[in-house]
Structure formats: C-alpha cells, structure tokens
Amino acid sequence: MAILSHDHDTPDSLEEFRKYRERMNSEILGENNLVINRFFALDTRTYEAGALDVKTKELLGLVASLVLRCDDCVTYHLVRCAEEGVSRSEIFESLSVGLVVGGSIVIPHLRRAVDRWTELEKKK
Amino acid sequence: MAILSHDHDTPDSLEEFRKYRERMNSEILGENNLVINRFFALDTRTYEAGALDVKTKELLGLVASLVLRCDDCVTYHLVRCAEEGVSRSEIFESLSVGLVVGGSIVIPHLRRAVDRWTELEKKK
Amino acid sequence: MAILSHDHDTPDSLEEFRKYRERMNSEILGENNLVINRFFALDTRTYEAGALDVKTKELLGLVASLVLRCDDCVTYHLVRCAEEGVSRSEIFESLSVGLVVGGSIVIPHLRRAVDRWTELEKKK
Amino acid sequence: MAILSHDHDTPDSLEEFRKYRERMNSEILGENNLVINRFFALDTRTYEAGALDVKTKELLGLVASLVLRCDDCVTYHLVRCAEEGVSRSEIFESLSVGLVVGGSIVIPHLRRAVDRWTELEKKK
Amino acid sequence: MAILSHDHDTPDSLEEFRKYRERMNSEILGENNLVINRFFALDTRTYEAGALDVKTKELLGLVASLVLRCDDCVTYHLVRCAEEGVSRSEIFESLSVGLVVGGSIVIPHLRRAVDRWTELEKKK
Amino acid sequence: MAILSHDHDTPDSLEEFRKYRERMNSEILGENNLVINRFFALDTRTYEAGALDVKTKELLGLVASLVLRCDDCVTYHLVRCAEEGVSRSEIFESLSVGLVVGGSIVIPHLRRAVDRWTELEKKK
C-alpha cells in the first residue's frame, strides 16, 4: 500500500519544510522566468503592512489557505503568525471561520494545522 | 443567450439580494431539517466577537469567499464589512490577498466585489 | 451595473434551461469530436441502474454537484430526482450532507436548489 | 527530494490513520472553541438515519469527498461503508459517479480509495 | 424565483462583457493598490510570446479557465484565441481536454463556451 | 507527525509512482466496472494527435493538473512531456501560466513539479 504511505518515524519537520522550500524556491528563481519571479516578489509584497497590519494579513492568508486546503500554505502562514505573535485563541478562531466556510472537507487540514501550531508553540 | 451570464450569480440590487436571501432562508429553515438549521445557526455564531473582533472575522469571511469564488458570499461579507465600518483601503488590501492567493481566476469576482463595494459606499 | 444584472421578471425557467441544454448539446455533439461525444454517452451510462438503483445514483450526482457548486448540474439532478420519485425529505437530507461537507460557501447554491425543488413540486 | 518522499515500508495504516485522527480530534475539541466543537457534533449528526438510511448517507459522503479530492475524508467514509455492509460493487459504482462528475483529476484519489477498500475487505 | 433568473432578452453580449470588464478594470486600477495593479500587469505579461507562442499560451489559459469553471475567464481566452486565428477544431480539442480532466461538472461551462465561440465566428 | 505530509501525495521515485499506478490501474480495470473502464480508455484517447499535436495536448493536461493542484497528475504529464521532447523553458512557461491563473496556492505544487522535471532531465 505504498502510495498511501507517509513516514511516521521521519517526520516532515518544520525544518525540513523550510529547507525544501528554500532549495526549490532557489532553483525556481534561478531559472529567471520573468512571470514566475515577479509573482514570487508580488507574493511577498502582499503581506506587508498597509491599511491592514501584517498580523491581519497573515490571518487572511491562513484562512484562504485553509479553505483551499493547501497544507504547505497553511504551514507557511502559521509560521508567520507565530512570528507575529498571534495567540492560540486567535488561531483557533481563524481556523473556525475556515472550517465553517469550507465545511467538513477542511477537517483533515484543520487537524494538521493544529498539530503544526502546537509544534510551533513548543519551539518558543 | 443569457444562459451565458450564469457566471454572475448575483442579483441586480442589494435589496433584491437581501429579499431573495431572506425568503429562501425562511423556506429552508421552515423545513425543520435539524442539520441544516443548526448549520445556519452555527454560521451566524462564527462571526461573533471573541479573541478576534467582528471586523477581522468579516474580513476573513470575505477573503475565504473570494478565493472560493462565490459572488453571493462575497456580497454578504461586503455588506457586513460596510456595517462594521471597514474602509475602502482595507477592503482593497483584503481583496488583494485573495487575488494573489487565488490567482487571475479570481479577477471576475474581484470586479463584481469592487462594483458592489462602490454601490455600498453610495448608500451611506 | 449590467454584468451584475439578471432579469427578475423573466426567470430562467426549467423550460428555458431544458431548451438551452438541448440546443447546445445538439450543437456540441454535431461537431463529432470523438472524446466529447464519448464523454456525453458515458455521462448518461453513469446513472443507469446497477449495484445501486437509479434513485441512489441521482442523489450521489446531486450531492457531488452541490459540493462542487454547479447550479446547472444541481438543477439537472433535481429534475431527475423528481422523475424518480424522490421525496422532499430525502432531497433535504441529501442537501444537508452537501452543506456540511462543503460548508457555508454552499449556501447560495442550497437556496437555489430548494427554490428549484419547490418549482418542480408545483409542476406535478 | 525530501518533501516528495513518503516511507513505503511503514505504511500509513488504517490503524495509524485512526490514532492520529483520534489524537488530533481530542486536542481540537479540548480547546473548547464553541464553533469548532459544534461543527464536529453536527458532522456526526449529518450521517444519522432519517429519511435516508445510514448507508445511503455514507455513500453521499464518500462521493462528495471523492469529487472534492480529500483522501482522508474518502478513507473515513470507506471505513464507515465497510461497517455498514456496503458491497464492493456498490463502492465501485459510487466511485464511478465521482469519477465522471469530477473527471480524470480524481483518478489518483480513486486509486488510493480502491487500495483502501481492498485493505478493508482483507480485515474482515 | 428571481435569483435563478437570467435575462434572455437582453443578452450579456460580448460587447457588454468588454465594456463591463473595461469599466471595472479602470475603477480597480484607479485605486492604485500596488499589489492588485502589479498582478494585472503580470497577468498581461503571462500570455506574451516566449518559448511558447501566444496561441499555445492562450489555449493553456482557456483550458485552465475551463477546469476551474470560470465563464468570464473562458470568454476572455476565447476572444483572444479568435484574434490569434485558432480554428474551431483546435478549440473543440482543447475543450475536450478540459472536459476529461475536469469531468461532467464542466459541461454547463462547455455549453456556454461553445455558444460564445459560435458567436465569435459569426463576428468575423 | 508525518500525517502532516499528506499534502504531498507523490511517492518517492518516478519508478515507484509508475509501479503503484500500474498496479492500481490493473486492479481497478480488473473490476470490470463499465463506466470506470470506459473513462480510462477515453482518458487515453484525449491526448492523441488531432487538430492539436500531442505535445500541445500534454501541456494542456499539465496546466489543467497544476491549477487543480494534483501532484500525481502533474507528474504524469511531466513524464509524457519529457517523452515528447518538451524543453525546460516550455515547461517553465506552461507552469507560469498555471501559477498566474491559479495563484500562490499553486506554489507548493510548482515546487514539486520543478523538482520532478529536474529529476526527469537527469534520467535522459
């Protein structure tokens, strides 16, 4: 049942996630595809402070990622939320909005999001 | 050939939208299906103030609705944002997050969202 | 606000829906694109009785269409459900599954589905 | 290519799936977020017998999960279908509806669903 | 049944589509939200000739829009395909790929796409 | 905590992907479900040369898979693109269309797609 498998002994740690993300971003940007590189730059700009503060924007990114059910995107925004000092209650309320908007199909991603958040809290 | 306009499931006016919404909610809740009625009650609770204020939660609902590309849901949250005193810049920044997360496929919904917001501003 | 507009006095009746569907299916199949024509034939086969009866299969098609939020597909399966003698309670329970799986983003489609079902009941 | 990797010798068994699900549900519910906890309770209610029997509702949940392409949700409903005595032919016909509605993008999830079902049959 | 309605006498013509698109793009860009404006500029760059010619890129945009089921995006790319001299057979083959990848849920959008294409052919 | 890695439903190696795919396709087709078997046959027909050449059709399949965010489908079309002699620049331009249409939510899949493509280039 190989393809159904995920390694429970060698976790996809946040550190591995960061490393893979950095390595692949570097390979992608190194290709110098104008559209892709500009998109990556724009993506970074999107979460900078403006009329809304960074924390609110990261919560928007988190909930958008949750309802679109992308674990890696959720992880990324959870890391950023931790850096911005978002509280556990604020995370849970944000996730609750995503759950109600997106439905029970979101639940497996909610589980992994909470697991990640607890992991992030332990790192502090 | 108006069947071609199905992409826009938003009614003419905000007033018509409200009326249709109320009439159908009334018909749906009147059926007394336990699961549906509890879901509707829960949906209302989701946006009440808690660790996050109502305004932030409405922005979360707005961006979630935009990336999932539901015009009616976007309209609903825009109405609530207007009631909560959200500014035009805050709306645009929220929409910009939804645009970057969701991509160009979001643009037709962004157009209708901005159109709706301008309509809401004129009502003040 | 033209693009946002829909005529509320000349409803997209089930009759108009059927006519447009038939006219365009005829134009599409007349093109003799092998893949498209076989897909249409296969689509019809999908809902024929087998290990599951037609009614159950139509309910599966209905809920799949609801969570994927396609009004026309929902309408099509509601028409078929009416032909197969599905009851109002069975429709509401099926829709409730779609609502919980798919979340509040499904609600505008739920409203239109219930509206359509009531229209279908009146035709009997 | 770490992030692409999954351990093929230590499969994500149904038992591991159940344990992780239980552990995380427990952590999530322990947070006492009213909206999330009510959603979980509602999710359970959704599949109880009513106008439709439990088996039909589980098949609706299965097909909704398949077209929304959530492996964990598919696994959950397959487990429940096995408990309700659904036959292999009924599972395949349900999956066929999901495949035709959702398209070839569903195929990788179909493979994992069939793999899971065969695993469930062996457990009997 | 108002919200289900679409005006069959005042069609959402290509001309109206273009006008609404231009008017709203103008209003959106006039807001000078940096992220949104850069996204719009990037969107235009995406379809310029490079390793792939413009025609191929427009077909990619068309099929991506079809499987994501956005009628306005499909219309936009059909207009561009017509400008680039794409043939009716090439359009149908592209749509067939979108149909098989995206499934029967795509069919209502396929109908409107073919309707639009025929309208575009008549304009030549 | 490897349940967190569910987002990556791609197996370690291309060889393992091929083996699992073949084994499960064989099990699925062996069930002789008429609808499923015809769908699989139709899926193969979809990418055969016609008005469009095989290479263009594979690029259409690739971008459709990317915006729908299915790693296995992306891998499959990358393998086919490699067999059809698609260049690295053509792959990147195709992926750039998918990125702009589908938004930043596509980025994790873009990373894995580029990783896979580099792996395929090394095999030559």
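So that you can tell them apart, the chains are marked A, B, C, D, E and F in the order they are listed, and the count of residues begins at 1 in each.
The rule is simple: a residue touches a chain if its C-beta (ideal position, glycine included) is under 8 Å from a C-beta of that chain, and two chains touch if they have at least 3 such contacts.
Computed from a prediction, not measured in an experiment: that's the story for all the values here.
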item: Mutual neighbours - chains that touch subunit E and subunit F alike; value: A, B, C, D
item: Labels of chains that are neighbours to subunit C and to subunit E; value: A, B, D, F
item: Chain copies touching (subunit A, subunit B) - same or different residues, decided at half shared; value: same
item: Interface with more contacting C-beta pairs, comparing B-F to A-E; value: B-F
item: Distance-maximising chain from subunit E - centres being C-alpha averages; value: D
item: Identity of the chain that, by mean CA position, is farthest from subunit B; value: F
item: Interchain centroid distance [CA atoms averaged], subunit B/subunit D, Å; value: 30
item: Centroid distance [mean C-alpha coordinates] between subunit D and subunit A, Å; value: 24
item: Overlap residues in subunit D, where contacts from two or more other chains coincide; value: 3, 5-8, 12, 16, 20, 24, 35, 39, 42-43, 46, 64-65, 67-68, 71-73, 92-93, 96, 99-102, 104-105, 111-112, 115
item: Topology of the chain contact graph, where touching chains are joined (line, ring, star, complete, other); value: complete
item: Subunit B residues touching subunit A - in the complex, by the definition given at the top; value: 42-43, 46-47, 50-52, 56-57, 59-61, 63-65, 67-68, 73, 87, 89-90, 92-94, 96-98, 100-102
item: Subunit C - residues contacting subunit F, complex; value: 34-35, 38-39, 42, 45-46
item: Subunit A residues touching subunit C - in the complex, by the definition given at the top; value: 67, 99-106
item: Subunit E residues touching subunit B - in the complex, by the definition given at the top; value: 2-3, 6-13, 20-21, 24-25, 27-28, 31, 33, 35-36, 39-40, 43, 46, 64-65, 68, 70-73, 75, 108, 111-112, 115-116, 119
item: Partner subunit D, residues of subunit A touching it in the complex; value: 1-10, 12, 16-17, 19-20, 69, 88, 92-93, 95-96, 99-100, 104-105, 107-108, 110-112, 114-115, 118
